[in-house]
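Okay, here's the structure, questions in a sec.
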Amino acid sequence: MTDTWLESLQTPSAQAGYDLAVTLARRAIREIQPEAGVRAHLRETYARDADALIASSAVVATHFQTIAAANHYWREN
Amino acid sequence: MTDTWLESLQTPSAQAGYDLAVTLARRAIREIQPEAGVRAHLRETYARDADALIASSAVVATHFQTIAAANHYWREN
Amino acid sequence: MTDTWLESLQTPSAQAGYDLAVTLARRAIREIQPEAGVRAHLRETYARDADALIASSAVVATHFQTIAAANHYWREN
Amino acid sequence: MTDTWLESLQTPSAQAGYDLAVTLARRAIREIQPEAGVRAHLRETYARDADALIASSAVVATHFQTIAAANHYWREN
Amino acid sequence: MTDTWLESLQTPSAQAGYDLAVTLARRAIREIQPEAGVRAHLRETYARDADALIASSAVVATHFQTIAAANHYWREN
Amino acid sequence: MTDTWLESLQTPSAQAGYDLAVTLARRAIREIQPEAGVRAHLRETYARDADALIASSAVVATHFQTIAAANHYWREN
């Protein structure tokens, strides 16, 4: 049995959509590197590396684009 | 005869769509480097390299965008 | 309680949309590196590094694409 | 008072749209590095660095995609 | 006379679309580096370099996105 | 007077669209580095550098996506 971590791309607000984009960006790293200890160690390094932070921000941007489209850009809100 | 590894972009849920995105991201690496042994060796290295993990996450993000559009963002679910 | 930093993707003009894209690009960095001091230190370095500046510009471009679509490209203005 | 540097994404031609994409790509660099002197110095270096030039071209490509969509790909012209 | 290497973006299946994406990704490299010998030599190196493989996978992902849209995501199949 | 180098995004075929994508990718490099001699020198190097070739292929992929959309993916052909 796999646990459910992604129910839907629909979010109540743009900001919640952005948070979900961060979650989606992190998830791929977890799929490739399942050991939490290794990830925590890597995180200490890349959270102090400008290039890695910018590259992470790029991944968030792509996911946010997907989520924003899924929510019709929260235009009605 | 080639074996079928991709039947459809339709998935029952967003999470299954994300899993398919991971599969699509990995597949290109297999097409370029067909030797499983070499890939396993590379994987050991890049699964401990933050830059490679973030770059992989970017590829997953692009594929997820495609799959999400293919599934109308699972809006009816 | 989380504070609200993103109310909407709607902006009165294309230029305001561009400014919002810069905000969205920066936000992911803040999510991953919450310490303002560390960010300020990194910023001094990457603001003088052409590769980092170009990579940042790429993130802004992706967010601007999302925001432009959200605003129907400000076509009526 | 901020000065206006982006009036509209509408351009009379595809070529003018491409020029605007170059402007948008450069603008983010200016937002992050406001000192013209530093930018001029960096530019001397990266204009002779193939990797930086290709990365810049990627940013232009993303902005051009946005601008082309905004102009319905100049199909009527 | 130039030879025809790309007839159409329409493919009978998603998997065939993925194969075409790999072809499109490779083609640009051929356009820039026309000498087959040099390409074969480079290929030996980058097929053993995780960063290059991931970057190649990113190019395939972008082309696959285009081809999937061209085929309405093979939804009827 | 500027010379016209981009008349339209419409092309008679997908292959011609791909060629145009290569042109658009190269153009940004010319805008940033106007000296033909410097570009020729850089080209000799990056045409033998796998990372640069793959990065160039990524730029072509983004432009091809734009051009394909502009041509409704050449579906009628």
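Letters A, B, C, D, E and F name the chains as they come in the text, with residue numbers starting at 1 for each one.
The rule is short, and it goes like this: contacts are C-beta pairs under 8 Å (C-beta built on N, C-alpha and C of every residue); 3 or more make two chains touch, one makes a residue touch a chain.
Note that the structure is predicted; figures quoted are calculated from it, not measured.
Under the touch definition stated at the top, chain B and chain E share no contacting partner at all. Greatest Cα centroid separation from chain C: this falls to E. Compared with chain B, the chain whose C-alpha mean position is the greatest distance off is D.
In this structure chain C contacts its sequence twin chain D using mostly different residue numbers, the overlap staying below half. Copies chain A and chain C of the same sequence differ in orientation by 60 degrees, per CA superposition (steps of 5).
Centre to centre, using the average C-alpha position, chain A and chain E are separated by 27 Å. Shown for chain E are the residues in touch with two or more other chains, namely 25, 46, 49, 51, 55-56, 58, 62, 65, 69.
In terms of inter-chain touching, the protein chains here make up one closed cycle, each touching precisely two others.
Beginning with chain E and heading toward chain F, the contact ring passes through the chains as E, F, D, C, A, B.
Residues 13-15, 18, 22, 25, 46-51, 53-58, 60-62, 64-65, 68-69, 73-75, 77 of chain A are the ones touching chain C in the complex. In the complex of the two chains, the chain C residues touching chain A come out as 4-10, 24-29, 31-33, 38, 42-43, 45-46, 49, 51-52, 55-56, 58-59, 62-63, 65-66, 69-70.
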